[in-house]
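All chains are identified by letter, namely A, B, C and D, in their written order; residue positions are counted from 1 within each chain.
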Amino acid sequence: MDALNALHSVTFEIDEVYSAGYHERFLVFLEMAQRNGYVIGGAMTDAKGDRSKAPHEQHYPDLYVRVSKRSRDGVYIRGAKAHQTGCINSHWMVVMPTLRLGPADRDYAIVAAVPVDAEGITYIYGRQSCDTRAMEGGDIDLGNARFSGQEAMVIFDEVFIPNERIFMDGECEFAAMLVERFTCYHRRSYVCKSGVGDTLIGAAATIADYNGVEKASHIRDKLIEMTHLNETIYSTGIASSHQASKLKSGVYLNDAMIANVCKHHVTKMPYEIGRLAQDLAGGIVVTAPSQKEFEHPEIGEIVRKYLQGREEIAAEDRLRILRLIENMTMGRNAVGYLTESLHGAGSPQAQRIQIARQMQLEFKKALAKTLAGIPLDSAEEIAADLDGYMKSVFASVEPDK
Amino acid sequence: MDALNALHSVTFEIDEVYSAGYHERFLVFLEMAQRNGYVIGGAMTDAKGDRSKAPHEQHYPDLYVRVSKRSRDGVYIRGAKAHQTGCINSHWMVVMPTLRLGPADRDYAIVAAVPVDAEGITYIYGRQSCDTRAMEGGDIDLGNARFSGQEAMVIFDEVFIPNERIFMDGECEFAAMLVERFTCYHRRSYVCKSGVGDTLIGAAATIADYNGVEKASHIRDKLIEMTHLNETIYSTGIASSHQASKLKSGVYLNDAMIANVCKHHVTKMPYEIGRLAQDLAGGIVVTAPSQKEFEHPEIGEIVRKYLQGREEIAAEDRLRILRLIENMTMGRNAVGYLTESLHGAGSPQAQRIQIARQMQLEFKKALAKTLAGIPLDSAEEIAADLDGYMKSVFASVEPDK
Amino acid sequence: MDALNALHSVTFEIDEVYSAGYHERFLVFLEMAQRNGYVIGGAMTDAKGDRSKAPHEQHYPDLYVRVSKRSRDGVYIRGAKAHQTGCINSHWMVVMPTLRLGPADRDYAIVAAVPVDAEGITYIYGRQSCDTRAMEGGDIDLGNARFSGQEAMVIFDEVFIPNERIFMDGECEFAAMLVERFTCYHRRSYVCKSGVGDTLIGAAATIADYNGVEKASHIRDKLIEMTHLNETIYSTGIASSHQASKLKSGVYLNDAMIANVCKHHVTKMPYEIGRLAQDLAGGIVVTAPSQKEFEHPEIGEIVRKYLQGREEIAAEDRLRILRLIENMTMGRNAVGYLTESLHGAGSPQAQRIQIARQMQLEFKKALAKTLAGIPLDSAEEIAADLDGYMKSVFASVEPDK
Amino acid sequence: MDALNALHSVTFEIDEVYSAGYHERFLVFLEMAQRNGYVIGGAMTDAKGDRSKAPHEQHYPDLYVRVSKRSRDGVYIRGAKAHQTGCINSHWMVVMPTLRLGPADRDYAIVAAVPVDAEGITYIYGRQSCDTRAMEGGDIDLGNARFSGQEAMVIFDEVFIPNERIFMDGECEFAAMLVERFTCYHRRSYVCKSGVGDTLIGAAATIADYNGVEKASHIRDKLIEMTHLNETIYSTGIASSHQASKLKSGVYLNDAMIANVCKHHVTKMPYEIGRLAQDLAGGIVVTAPSQKEFEHPEIGEIVRKYLQGREEIAAEDRLRILRLIENMTMGRNAVGYLTESLHGAGSPQAQRIQIARQMQLEFKKALAKTLAGIPLDSAEEIAADLDGYMKSVFASVEPDK
């Protein structure tokens, strides 16, 4: 979603300058992908090495993905993309630069689509909390009986990309535009965590039922608090989309200030929702025995006897919901619901920087000074006039003499 | 905004049942008011007396506004409406019941428009923090050089209302619908506090400039935090409107869950924004001498000498912005920006109750149980099926055997 | 610490009534344990079953630990104790009742010391997040290269306890006193989490160094925030001890209000400290490959190349500190640092109930009414007079006539 | 308290170097003051002017208090001290420098006791929110029927100080020590706000009674939250004193880290306690009519009728407690309970800087690295060794091979 929308407009605007034909190529690729129902992963985050240095200044030139060789039919790329969520269950990746680039970094200004199984690609699978439970057999201890996921580091070692899958190659002055638009879509897309939140709220409500305390006022109040937080994430995402504006190519870009506000809440609220879910779960969420004890011919009966909550609920169902809460707050899904919420699409400080850029202080100072009876300075005048409404609001209102 | 929109649909739906002609009357009133540019205040909150009793059970029957007498041409009302913001600078009031009513409370089911200067109305002006500064002369110490406001208690003592200004009279079963829709609009309307917040952020940014500390990282970070909070209020309001649905009469009603989330943030975030504004202001915001000292022939010079901040800024301008911050966090405007944010359109617990009503726990439990591998119970089945998507999402996904 | 201190005073006070000789027995056991350097675990939390029923009303009588049989030389006990942290690496357990007991629950009023390897005891080991990493070989992925821990459910199946190790047997009216004193010590003892917090702050500071961002103002500010929270836990623990009062047996009992305030902070602050640690760690804390990849003959070199941060820091050391942060926020130690902080010594609501019991509202109302010029009612008079200082403070201060 | 304790040790340590006899003089002054029961105000905060310049570099030399002239019998001082709480109802002031001084600022290194009515002193009274209500007559609207307070700016215009009241004169290298010790005492002294908090909690509990909602679970829970916050302030203050260490002169200095943690909570928690008090008060806290309406021959009866809460409570008592809450959250006492809590003894950032100075990161990194299996670097070794316990803790614990 983020990569395709960003590329729709950026390829269009590159072509306005260079007539490179990228936009047309991109549309062909897009149609092919949609007709086939392909899953496409956006691959942006480079390894980065020493963060005080530009790509071309790094000790290894491959610390950012780059064009290493060219032929008449296409280019070869080298480097790595980190933290690629779900890349192994995708069909294609779209490789993009990860930061603003200058002329010396021209070889790093490469955007291209590549099949996940192209020659020269290696996936280094990341560890997740409790990952090996999936290999134990059984469907309880892994928490989520249906789904899991993965991150991987993707290594490109002389991977060939044919010309028709290249959507930027050397137009380094457009790298910043691409990164900014991608980020704007991507931060808003973290509204998806409110769906995960719905599930965790449901799990917390279920364990409260199973423990027979669902009517206690403090339990009820915690479910309300979880919902209040979760709906805040949802609402800020919706508002960012509502305030979208149309770009030259015809796609819409959502509101950047609100996208950052949304993502910034996502860096905190899921942690508090998770804490409250553990509160409702009780300490048993981290001390319950394994599925194997439940199924043990001798121990199983003892475990069921002592872990019974409300009489009509099977002890095993209680264990299942506890394991789901464990999974979402400490286990494999905590990777996605907590830590990825913190760092994906930019760590908290990245949003604060963007909020700072867009917070229109000159305009706000003009509001304050007007009320306080202080003359505006020129920057504030401009900010106020641009918006055009200061005059109309205040013109007819004169303070008492 | 809130009263008119709510009445548009409620009069329409009463008429569907009773053919009372209210909707037509309402439209006539509305057109008249709009053609004349009239300011209309919604008057809802009754005195309430003993909150454990219904209106007709109260010691004084007037503790809720009621019809006390009837004639062929109209009705007479008695009672009081509390906390009426801006009523004295309005042209008309629309009187409405404040809670769900039963058949024994039929006389309390009265909705009517009444001019603010109708015979029998008395206004009892409320005190505001620092209110008498407005009578001292001078434009600095009152903080806001241009605007102020007021709340009043409105007493109705046999106030006559002609038939054509009556929009409900005795249809007590519609009182709850009116209150709920009014409240839904009204909670969302508290997004207006983000405009007040803009001004306070501007004031805080200005005093940081005047103190010469506007580039310090912690100052910058506090302005960002204020903006993040303020934009959260704004965004949740926008999202509630975006998810509006059309009612029978043709008007739209905004999303109730998000309206409550918005208002609930308004009960907290302005207080934190206010605290941060005082942080940036420095202690001088509560210890600065009065305007009269600044203008005193002997003391004035001393005060200006010792209260100088950055050299190029007049000490008096510094005082002006400090007084604005005082006004918005402790003075007359704190009434509107803080306490009214807390209690207007319902106190915090009222929103939590509404959030609880709409939090769809059965649906959320269905999500959790499906992932945990627990069979759904019937209520959850219904919740899940109603939404129609559980099946489509999960049907094709079977856990490994 | 908690069990021994509580028993010192409670056995003393039982003996005052019953001359049962428990205190002397307890001192003999204590000296024996101290001379041998024994680790003793307090075993309090029963399985509890249906929480709306007393122990003797449960479907299975063993849902609370009880005396099932008696002989001249001692008693036999049955039941289970849940969530026993560290029981397997202890030498002795001290079994105690978990709640207030009535006469019908006399058999449940049993306090006794029992060696961990006594006949009839079964340990059912609890699962911890990432527990099986300890069995993979290697010392990196398990996060903490030196320590781990465990919880277990302990099953007592006709375990014999000789008379000289019994410190309560049937004196059910003392169960509440024991539980309250134990809890008071135990909640204060959660100050220990500030030591764990020190380590996590150190880990966060280390990864900031390794990433070369230790001087960024927002990084610095997050370390300050973590410290501010952590020292709050520490300080409230210290203050509770400082305000200890002497009991009849000669031991001291710490201040209950502050012990609850301390523990209540512990239910929240470690989660925020953990979130901030993950913030400083970066997303790599959940996507880094395993130790086995680092040691792989072919992949190892690639991984090291791309995971290098600051040049002079070995990529493997960076992985080690990331794994420690993972361990403390999602892995085995998160069990102790987060979830146990939430639920150990009582879940959050338990502290709120205790704070409510001790918040001296009558005294506080007396303060407010005196300032507001409202006469005190009798309960408030008593509260105020008991404290003896209202008079001395206010006697000489009379408002202007 | 703060000034006297700080001067006890600093005069002693100056005398160790200069044999200036300050300590003996100080003791004479102290005994005189205590025998007479004098109230003494510490006067530290200078006007400061351009904060990027040292005292001697300022445009006006008097922007910091300084010695302007000397005679055989004493010195003459000029300058101003801002924000002097309670100076007008004190007997003496102790003037002290406000920041670290260098040799060029020698004339600013003056510490002296001066009677509040000494020739040449002018007080410029600060405005407080709602200050003029005290001049309206009546004891309700001013909120606090018994007490009030004031801040003033104090101007020193050639004020003579005899030699025997001078405790530092030119020993500029001791200015920093004085400021640091004064600040350490002073930040801890803000624990006093927990007493104010007790009163506000009492007021909130009283209005809940008067409104008949004192048993509602959410009301109860808010009183608990207020208490939890208030006791946190109290506890951190106590803990700072508990960890005091003895100075050379024989007085004790409280723990600096915890003093800063205490004061930092004071910059936030009273605002939240105040918000919760307003929550319990209801909107009437800002819309209630004045005492004059209550006493009006015609309107009084109407007001009482409609403002009645619980039947047995006089409407006037309800107004009194509302005005107290208004006073403490928006009026004169909000100056002391909120804004002074924020800025007195240093604004929030000042505490964060001190926390940073004392947070022992090297030691904490040593803890983390030891657990992660990373060798310590030399600074960490020293930090760890100094504390002496790393070895003893870890020596006997070796990870499995």
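Assume a contact is a pair of C-beta atoms (placed from the backbone, for glycine too) under 8 Å apart; a residue touches a chain by one contact, two chains touch by 3 or more.
Quick caveat, the model's predicted, so the values are computed rather than measured.
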Starting at subunit A, what is the smallest number of hops through touching chains needed to reach subunit C?
1
Tell me which has more C-beta contacts between its two chains, A-D or B-D.
B-D
Could you label the subunit C-subunit D interface same or different, taking same to mean over half of its residue numbers are used by both chains?
same
Most distant chain from subunit A by Cα centroid
D
Length of the line joining the C-alpha centres of subunit A and subunit D, rounded to whole Å
44
Find the geometric centre of each of subunit B and subunit D from their Cα atoms only, then give the gap between the two centres in Å, rounded to an integer.
36
Note: subunit D residues in touch with at least two other chains are 218, 221, 352
Tell me, which parts of subunit A touch subunit C in their complex?
47, 49-52, 59-60, 62-63, 80, 82-83, 122, 124-130, 132-133, 136, 141, 151-153, 155, 211-213, 216, 218, 267-268, 271-272, 274-275, 278-279, 282-290, 293, 299, 302-303, 305-308, 310-311, 326, 330-331, 334-335, 338-340, 342-344, 347-349, 352
What part of subunit A is in contact with subunit D in the complex they form?
217-218, 221
Interface with subunit B, subunit A side, in the complex: residues 139-140, 143-147, 198-203, 205-206, 209, 220-221, 223-224, 227-228, 231-232, 234-236, 238-240, 242-243, 257-258, 261-262, 264-265, 317, 320-321, 323-324, 352, 355-356, 359, 361, 363-374, 394, 397-400
